[in-house]
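Next, two complexes with chain A in common: one pairs it with chain B, the other with chain C.
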Partner chain A sequence: MSATSTPLEKLRATPRPFFERFYPYGFILPALLIIGLFTIYPVLYALRISAFQYVLTKPNSHPFIGFKNFEDVVTSYYFKTALINTSVYTIASVAGVILFGLLVALLLNSKNRSVNVLKIIILLPWAIPAVVAGLMWKWILNSDFGIFNAVLYSLGAIDSYIPFLADPNLAKLSLILAHIWKEGPLAAIFLLAGLQLIPNEYYEAAKIDGGSSLSVFRFITLPLLRPILLVVLVYETMTAILTFDLVYVLTGGGPGDATSLISWFAYAEIFKSLNLGTGIALSIIIALITLVLIFLYMRALRTEDTIS
Partner chain B sequence: MRTNTYKIIESIFLNLLVVILIIYIAGPFLWVMSASFQGENELLKKPASFIPENPTTDNYRYVFTGQVPTSYEVTGQLRSRISQEARLIAPALKNSFIIALSVLVINLLFATPAAYAFARLRWKYRTGIYNFILGSRLMPAMAIAIPYYVIIQSLKLMNTHLSLILVHSALTIPFSIWFLTLYITSIPRDMEEAGLVDGCTYFQVLQKIVVPMIMPGLVAASAFAFMASYNEFLFARFLTTSIVSQTGPVIISSISGNPDVSYSLISVCLTLAMIPPILLAITMRKWLTEGLSSTITFR
Partner chain C sequence: MNRISKLTAIFFLLALLVGACGGPAPAATEPAAQPPAEQDVTKPVALDFVVWSYGIETINNNIKNFQEANPNITINLKDYSWLDYHDTMVAAFAANNAPHLLYGSDHWLYEWASAGWLAPLDQYCPNVKEYSKEVAPYALQGMTYNGQVYGVSYYADTLDFIYNDALLKEAGITEPPATLDDLYNQAKQLKEQGVTEYPIIMAWSQKEGAFPEAWTSLVFAQHEGDNAMFDKDLNPVFNKESSAAFQVMEWLRKVYEEGLIDPASLSTAEIDQVKSMQSGAHVFTIAPQYNMAELNKPGSGEHAGQFKIALMPGSSNSTVGYARFYAMTQKTVDEGPEAIAAACKFMDYFGGKTDGDYVVVKRWAVENGLGFAQLPLFEDQAVIDAFGKWGDVPTIKEQATLARSKEGMTTWYGSWDVFARAEIQKGILGEQSTMDTLNNMAEKWNELKAAQ
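Showing the complex of A and B:
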């Protein structure tokens, strides 16, 4: 400190109370300006467009139609498909991501020496762009030249190559597999952080009492991990509901509508049908769904706090 | 004796599990890298070989210099699989770098003082503005895509680096502010108080006392901002129209839409695109893991 205090001496004379009042505002202003510009205007604009007919193929007619866009979305042929596909995808991939994350976290938390490699590579899928991951898996699962087919074939597990991305159910499964690969590592890191919060004394006490590793997990690890598990659960649910990049590259929503999730339909409305009104109305519905989920999560966390 | 056998079985099972996980996680990376060194004729064999039989750097040479690999000259059909698009990956990754590095710098310059104001200073509207900034990230990307397009167009910034620098900054700064606010709150404040008593302004306290203390947090925040920008796809997809500003993910996605493109070239593009984040993830593993962990364990 002594080294820096000398040159600052002369600043002592500045009338501190007057200047200080403006420091916080100066500190946040640059960040607030850029976030404000890209938040307030877009939200107002999106809300406005959702109440008008806005089809780019009819550039000169934008009549006010109130909630008609929302009505059109809810009664459209795709709305039910979007909800079903997204729900199935979300439930399956969140379950997969949590199981994967829990498994990896438990392994990384064990003193086992063989997990050192896992420790180094675990962040890699998380670090790369989702479109890179999607294209990687698209090619690995390719029905004519894919390496996954080649490996299965060489091992004698299959007689002929399987068209993973052309069959509706296999395409869904492939998308979920790629999603777990991409999102599982972050869940693993989060859950590992949660595991490391559990004091060692609990495990030592259980060891003295002679508990098996399964009952230690069931009665010590799982209950103490609950708060973190809940946060991961909600974060992963939102990630799954909003999945877009992976669908765009891996399956393009197909075959048919098999892997078309709700964000994909919003994209298709805006960029393919060029119907901004309904596309944005659908996006607002997605936002409301996620908001409801966040609200439920906040409530769950609060009850969690009052219990403990 | 019984416990011994049990232990051996358990250890075999655990190691097998670890091996399966390693193959699942690392397999795709290794395969794409291996394939980038194989000729197209080798890749289209059934079944393809995981290890290159005749490793070649021709594919990389084509992407960087345009010299057509010999394996394509064999038949006319293979020749058509050569995609000019693959050659765009190098300039696209350069764009990605320029944009991501700018976003990183803007994040540090804008988010650090803001986080300090939220963590340490008491002022009017503090909670409200904090919630507004964090809440801004709840807008689904698809809903704001068109408004963003309108903003960028009216600023006359379509197809420029600056457009993506602005948009990616707006998308990443809220996380950086949140992350750094948590970080600053967790460090002791005695030094700052001593600085204030000595007559430092808040800015000097931030610059000379707080910033050196939160260095690990700043490193992690920089890495997160860089990666988020480098990986972002949707906005990059429709705010750019040519290679002047198109980023790595945009080129990758457009290659993926081409049904006839050469798989060797796809592998080269994928390998080149994933080298920077992989290097970051491996060299900065400690900071990234600690940073991510702190966001979830902080109460």
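Showing the complex of A and C:
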């Protein structure tokens, strides 16, 4: 060590006791173990199974088949349809959730007295488990005694009850509607938080400059809300792609394959066909699609930060 | 690379190694040597018994009675919803967490037995062979895999054609339809006269358990003899213009297009089907026969007592019969002779005879209207009296004798079933032609068969 060593270099060069060197690792070890056990190990195990023929009804035969499970999934009868259905569902749901969330957030951000009560009530759909929400919508949309039909009928909007869940297009729409109802409140609360972070001075300045409500929204609210909007976009995209419970309860993938989303087939492969190999291969494909989207969104977020 | 990175990398590598070395779940163990069966249970034995959620109070009471008669045996009951039952049990089997005893069904038998999850009852419980002699052929077929019997019947039923007699008479129709043409004409007449908007309803939601059975029962009724769907080598024979399946699909498409069948049928579950019929919104349906007790239950609605059964419309009047049964898992066998003996006692009590009488099966029939496969019960006065309150016993018996087990029960039936349900719906909706529907179904069948 040279005579000109800095105090920091001297400190680094001084041998530290064993405990002092390793106790930080001791603190992170439990968390690392839990993550390893419940996240990393299952992922690696799933990756391994995806390379084997793993049909539950053949417990003694699991030959290595490389990427065949992935090939089977991609060339399967359902993959293309499910991918299209999932894309349509995701785009419509995310757009609907954000629009709904934004409108509700703007309403809640007003100086209305009832806002505090509304803030609690609006969160209720989000707090309801998806399966329960699905069952509720199933009854609401029932074609014989559903309240939605009853309301439309009593208003004279329809001549006879509509089988919402038995028509391919209406079933898709119903599923999207139920998703927006379920997820919209969370988006609203996120966006409300974003709205409340925008300094009031900007609005006052715009008012003095004679800006209309629309231009205030376009040139002040929306740009300053973009970071939160992107967070909501990421979360809601993931939620929409991974939707399974709502489909399971509400439509079962039907009628025909109108509402068969890709997660539904991951379930069907594992629990109906008992083919864990292809089911997991499909799950990995879904995870990869989601990862790619997250990556794209994160790039968008980073760009936005840089601009800021 | 700093220390934390190194540590993390080592951790990941270890996890990878564990993941890679950790093989798939252990294979099912080979059956133990055949132990002495039907012996007395001398030591305390506790058996887990899993059922789907139906009649839990009755089941608990049956268990109580059984335990009083067999003080060394304790039965621990657990139940799951019917809709989740199959998936829950598959997960339990795959995780080596199977119960000792459980409800089984004919459409899962190949899947579960071929995986080694169930034990053949006739190999371990000699009385089962005697019971099997008195069981209706369709039900015995539904409990048999590779020549061995895997269950004693909990209940067995047929898919029956049900109609509302009062609404039919309101339209001036005195006889129920005997053929699909009759059914079409009567439905048209009912609609034109404004009796109901949609005279026919089916419970053909893709999640509905009895969807394939109801569809197949229509096919069977238009076909004479066996091999309506598959030949003896399990090759599809339904994708021909001369087939019963083609005839049924064309008919379904016609009644859908003309608004004679409720379009909501494609999203309707059995419970909604029953409620809709009770409300008088529909006149005709196909449902498991046990629903008749609920439909005609006094106080269940203004139409209670108006529902009747007719033979399945078609040239042969055949229908699908299915069996739900008590099964024993391989786990019981692995636990040894005491567990097996206790399980056999359980089978005797629940699906077999106690003092020469089918006590529990008869109870289900009398109290809940559940169908049965034990043929002597058709002559039992208590059963005749009970069934007579809501149904026509001679017609029920006649339909039961015309019933056949579903064709194509194989290990790949479950996969095909998921595909076929969607295809049938697409055919009915007119999204594809009948021939395309049937060809797609046949192609998928052949693909799955070839993959075995």
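Assume the second predicted complex is superposed on the first by the 268 of 308 C-alpha atoms of A that agree within 3 Å, B and C clash if a C-alpha of one lies under 4 Å from a C-alpha of the other, contacts with A are read in each partner's own complex, and residues count from 1 in each chain.
Basically, contacts are C-beta pairs under 8 Å (C-beta built on N, C-alpha and C of every residue); 3 or more make two chains touch, one makes a residue touch a chain.
For clarity, every value in this text was computed on a predicted model and none was experimentally measured.
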Partner chain(s) touched by A:Pro163 [first = chain B, second = chain C, both, neither]: second
First, second, both or neither for A:Tyr25, with chain B first and chain C second: both
Chain B versus chain C as contact partner of A:Leu274, first or second or both or neither: second
Touched partner set for A:Asp257, first chain B, second chain C, both or neither: second
Touched partner set for A:Ser283, first chain B, second chain C, both or neither: first
Chain touching more of chain A, residue-wise (chain B, chain C): B
Contacts of A:Arg299 with chain B and chain C, given as first, second, both or neither: neither
Partner chain in contact with A:Arg218 - chain B first, chain C second, else both or neither: neither
Which of chain B and chain C A:Ile49 touches, first, second, both or neither: both
Partner chain(s) touched by A:Ile121 [first = chain B, second = chain C, both, neither]: first
On chain A, the residue positions that both chain B and chain C contact, one per complex: 25, 28, 32, 41, 45, 49, 142, 144-145, 248, 252, 271, 276
Residues on chain A engaged by chain B in the complex (per definition of touch): 1, 4-5, 8-9, 11-12, 14, 19-20, 23-28, 30-32, 34-35, 37-39, 41-43, 45-46, 49, 103-104, 107, 110, 112, 114-115, 117-140, 142, 144-147, 149-151, 153-154, 161, 181, 185-186, 189-190, 192-194, 196-197, 228, 231-232, 242, 244-245, 248-249, 252, 263, 266-267, 270-271, 276, 279-280, 282-284, 286-287, 290-291, 294
Of all residues in chain C, those that touch chain A in their complex: 3-4, 7-8, 11-12, 15-16, 18-20, 22-25, 27-28, 86-87, 90-91, 93-94, 111-112, 114-116, 197, 205-207, 262-268, 272, 275-276, 279, 281, 411-412, 414-415, 417-419, 421-422, 425-426, 429, 431, 440, 444
Chain B to chain A touching residues, read off their complex: 14-15, 17-18, 21-22, 24-26, 28-29, 31-32, 35, 43-44, 46-50, 106, 109-111, 113-114, 116-118, 121, 123, 126, 129, 132-133, 136, 138-148, 150-151, 166-167, 169-171, 173-174, 177, 191, 194-195, 198-204, 206, 208, 227, 230-234, 238, 248-249, 252-253, 255-257, 263, 266-267, 270, 273-274, 277-278, 280-282, 285, 288-289, 292-294, 296-297
Chain C contact footprint on chain A (complex, rising order): 25, 28, 32, 36, 40-41, 44-45, 47-49, 52, 54, 56-60, 62, 77, 142-145, 160, 163, 165-168, 171, 248, 251-257, 260, 268, 271-276
